[in-house]
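Each chain gets a letter, A, B, C and D, in the order it is written, and its residues are counted from 1.
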Amino acid sequence: MTQPDLRVTIGGLELPNPVMTASGTFGYGEEFASYVNLHRLGAVVVKGISLQPRAGNPPPRIVETACGMLNAIGLENVGVDRFLSEKLPYLRRANARVVVNVLGDSIDDYRALAERLSDAEGISALEINISCPNVKKGGVAFGTDAKMARAVTEAVRNATRLPVIVKLSPNVTDITAIASAAADGGADAVSLINTLLGMAIDIRSRRPRLANVVGGLSGPAVKPVALRMVWQVARTVSIPVVGIGGITSAEDAIEFLIAGATAVEVGTANFINPRATEEILAGLIAYLKEHRLASVRELIGSLQLG
Amino acid sequence: MTQPDLRVTIGGLELPNPVMTASGTFGYGEEFASYVNLHRLGAVVVKGISLQPRAGNPPPRIVETACGMLNAIGLENVGVDRFLSEKLPYLRRANARVVVNVLGDSIDDYRALAERLSDAEGISALEINISCPNVKKGGVAFGTDAKMARAVTEAVRNATRLPVIVKLSPNVTDITAIASAAADGGADAVSLINTLLGMAIDIRSRRPRLANVVGGLSGPAVKPVALRMVWQVARTVSIPVVGIGGITSAEDAIEFLIAGATAVEVGTANFINPRATEEILAGLIAYLKEHRLASVRELIGSLQLG
Amino acid sequence: MEHSQTRTSEVVRSERLGSDIFRLTVLAPWIAEAAQPGQFVMVQPADGQDPLLRRPFSIHQVTGAGAVQILFKVVGRGTSLLSRIRQGGQLNVIGPFGKGFALPSGVEENICLIGGGMGIAPLLFLAKRLIGRSAVVGCRLVALLGARTGSELTVLQGEFQQLGLATAIATDDGSSGHHGLVTQLMLQNMAPGDAWRVYTCGPHPMMRGVVEICQGMAWPCQVSLETMMACGMGACLGCAITNPKDPNSYLHVCKDGPVFEMSEVAWR
Amino acid sequence: MEHSQTRTSEVVRSERLGSDIFRLTVLAPWIAEAAQPGQFVMVQPADGQDPLLRRPFSIHQVTGAGAVQILFKVVGRGTSLLSRIRQGGQLNVIGPFGKGFALPSGVEENICLIGGGMGIAPLLFLAKRLIGRSAVVGCRLVALLGARTGSELTVLQGEFQQLGLATAIATDDGSSGHHGLVTQLMLQNMAPGDAWRVYTCGPHPMMRGVVEICQGMAWPCQVSLETMMACGMGACLGCAITNPKDPNSYLHVCKDGPVFEMSEVAWR
């Protein structure tokens, strides 16, 4: 049998295959270069970048939970300038397709970041992390309010020629409403889910296990919630959906594709198996062959109901 | 050292200890009687009861997930009449404190159930499951809308002399708003969390693993989310909070108490270890002794911040 | 109030009966004493939370020494973990659960046990309970066993024969016995005019085939079903199956079964 | 592009060095060849997802035959699972990661290795790399080892001595060596006027004690730190510690360390 066709398109961005990395779990790519051929991945989504460098939260920042982990990294990053001068060149040399995850405290931040990154060579798309608190609106996350989500999306949309992927927070009553708002605001795609807000307590000291008290839950534990949300959103919006959340194996990735995701991002699994992305890609190819599917696109949204 | 004082009070209901069972995971109590002394538990919360018997959803109804499970039982139950005639007598003979979890499709259903159960002997409190879809309002769950949550609570409050515990859904943007609405409506306590909405797909058949497509996620996987919500709600409302979600060990239960829960309910863990509740109680007593706490009430809400 | 045990038990024997078929013998006198053929146990494949839920297994045999046996095929993580347990290891087993096979009240019928794959497991226990009875009046006691390949049946067939049962086997690959389905053995071994009582356990399509024949011959037949189970003890309501007698309710395999009269089951 | 391995390795030896102290020897030539003292590996305690994350362990020794050793104490589920692995078992180990001990550029100093508890682990590897050097000019090479109780040190002390190091030990319970803290051994074994270079690994309070003395004596000192780690390779940013030189940034133990100059660490 010939090799199945793995290409997918996310809002004008053609990817050789649908396996991407999730922001914040793959560093700036270079960290994994001795395990994974970066060029072979669908795309590398880098750690969230802000206008100014951020130190992040005080430690402890991570704690393991049942089939998952909580993190309160606090969006530590080198800032857009150092990203462009120190991190991007490596990714370009490695011939990776680079998606830059961006974050800000205000709409102006997002707009400025989009402009700045649009001028750079070697960036394939922007992923807008709207789970951050809007400091101008009293700290309510952009991603939990449809109006704010739309406003951020519009601002970025108008500031860049790059494909815009809006990354949704799962900590909402109705994620389809936020997804629709992003689509209305001009997003080329949505990606979901970001982490679920969680907490853990040290019963000996009676203190939170994270200095930040609460943190984001990721890993296999969240997969059922993520898959449900991806399915709901894929049925609602007409733009492509990128599935994220607990993907550890090819089987997991295939579930997301069947639920309607056009591509997937692998997150926490990279920590446990730094070759997870390549192995998931290999498993996906094997599945397509076994099921005699000529193209991965036949799988996308192929869930049979009733 | 003398035995620590384990008594807690939930809205007028005094319990000998804070370890209860979670609705739907302990049958009608009798199923566990050869494993657990029902009288020794804080209370037995029975499977959700509706006015009429319900057949529930078609199979498959359950699927295992990473450190959790999805269920779409569909609220199968014997109905209030058979509950009173066939199930309650056993629990009374076993000297269990009985909390009846109730569910309806409309406010009238909830009111009628509350009236009916108030007339019966041997019921200690009602737990109002507001995660059900409101059929009169197009199927939006009562528990995802603060106004509807308040209205249900008020209706039940006015229909019964029993303590009213409102059980909250975690599938919301801001659970403190729903908790406050329940408190404003006259709830004596809130319990949380019910299950997180999730999904799983069989990649061979490309069908949902649950006939109902989506189901409720429970078990250790959800514990971090549950604990975070309990902490948020306990800081917000002045009525007692009952913590639920992934509690498997005494350590888990203690985390919820420290976060501000006055009592806990043990759910999915009963399936794995039918003696889980008694073992959690024993572990709680051991912890209180080890930490020289004379009363469990010293633990409740004792989280140290900063 | 009876106090059922939840502590772990010692594995006193671990056998490999085929490339992916294993048998564990576990010391649990409180289960062995109470067990009836057709009942099952809930087994925790490993400590920790992966996998989270217990796994149901038919009681394959009980011994006078208070041991319980399970026979299983490796199909996923839980059974794979179980297959790695060696003699001297620990296993957490609770039970017995469910409604087993109803033994015939009289002894005047011929009895046929029909097992496919791991569905053979409960039939050995059942055979032991039946031999005493049928010997009395010289009725026939037959076991028809099906498997993918012959090697999977060698040990088991021997054990049924040792008990004195006439056995016939069928294999998917024809490597041993009849090449084909175990149902095809029925008419060769069970004279249509005779009074037969049938007990069967195995893959759903196989049992449907057995039931069709039994319905045609008006032979009473009991079937043992499998569903996903979270608790095994009637609490989770996860093990529902359609109730052909009442479309407004479901049966629950762990409590109403796993053994049902063939008429109680909807055989689409 | 170098291609680091992620496949499982064979456990060629499993030892118990104390009631809850174990040592595993794992065949992983690609790690053994690249490893520097003070670097660590990330170990998956079991297949499956409980526990989910890998566990960091210092490289305790490497052998010419391509084996890597870890030495650990059972403190939770991960280490408990590791303690059950026997010779012939499999273990998934990746690495080496991190910045190890900077070896002295000259050979003219006396060197003291100070280890507490499992902090002793990386010092044996370090000692092996140092012996060649100090032998040249006859400088002193000393190991000061602390533990809860004497039996935990028997094997390890013997191995340091075999390498030719002068060793002294301290135990919390006084069952062997000095009854008290390992820091109290420093002044007995290290003449204040001499030029010493110190390498230390152990519980935070112990290392703080060592650092205080080194600062007082102006002895250079390197410390090996522990934090929670998800990835071990600089990707998760979970292993942050305060940067005393820049309050607006954090250091990352897995990449900037685990070994730091004592001046790089905030010693509250």
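The working rule: a contact is a pair of C-beta atoms (placed from the backbone, for glycine too) under 8 Å apart; a residue touches a chain by one contact, two chains touch by 3 or more.
Just so it is clear, the structure is predicted and the values come from calculations on it, not from any experiment.
The pair of chains sharing the greatest count of C-beta contacts is A-B. The chain with its C-alpha centre at the largest distance from the centre of subunit A is C. Subunit D has its Cα centroid 48 Å from the Cα centroid of subunit B. Once the centre of each chain is set as its mean CA position, subunit A and subunit D turn out to be 36 Å apart. The mean-CA centres of subunit A and subunit B are about 34 angstrom from one another, to the nearest whole unit.
Across the assembly, subunit D contributes residues 49-50 that each touch 2 or more other chains. Looking at subunit A, residues 66-68, 219-220 sit in touch with two or more other chains. If each chain is drawn as a node and touching chains are joined, the picture has every node linked to every other. Listed in rising order, the residues of subunit B touching subunit A in the complex are 65-68, 70, 144, 171-174, 196-201, 203, 205-208, 213-214, 217, 219-225, 227-228, 231, 246, 251, 254-255, 258-259, 287, 302-305. Of all residues in subunit B, those touching subunit C in their complex are 24-27, 31-35, 37, 47, 53, 55-64, 66-69, 71, 73, 76, 219-220, 248, 268, 270-275. Residues 1-4, 6, 44, 49-54, 94, 227-231, 233-242, 248-250 of subunit C touch subunit B in their complex.
Across the complex, subunit C meets subunit D through its residues 46, 48-50, 77. Against subunit B, in their complex, subunit D makes its touches with residues 49-50.
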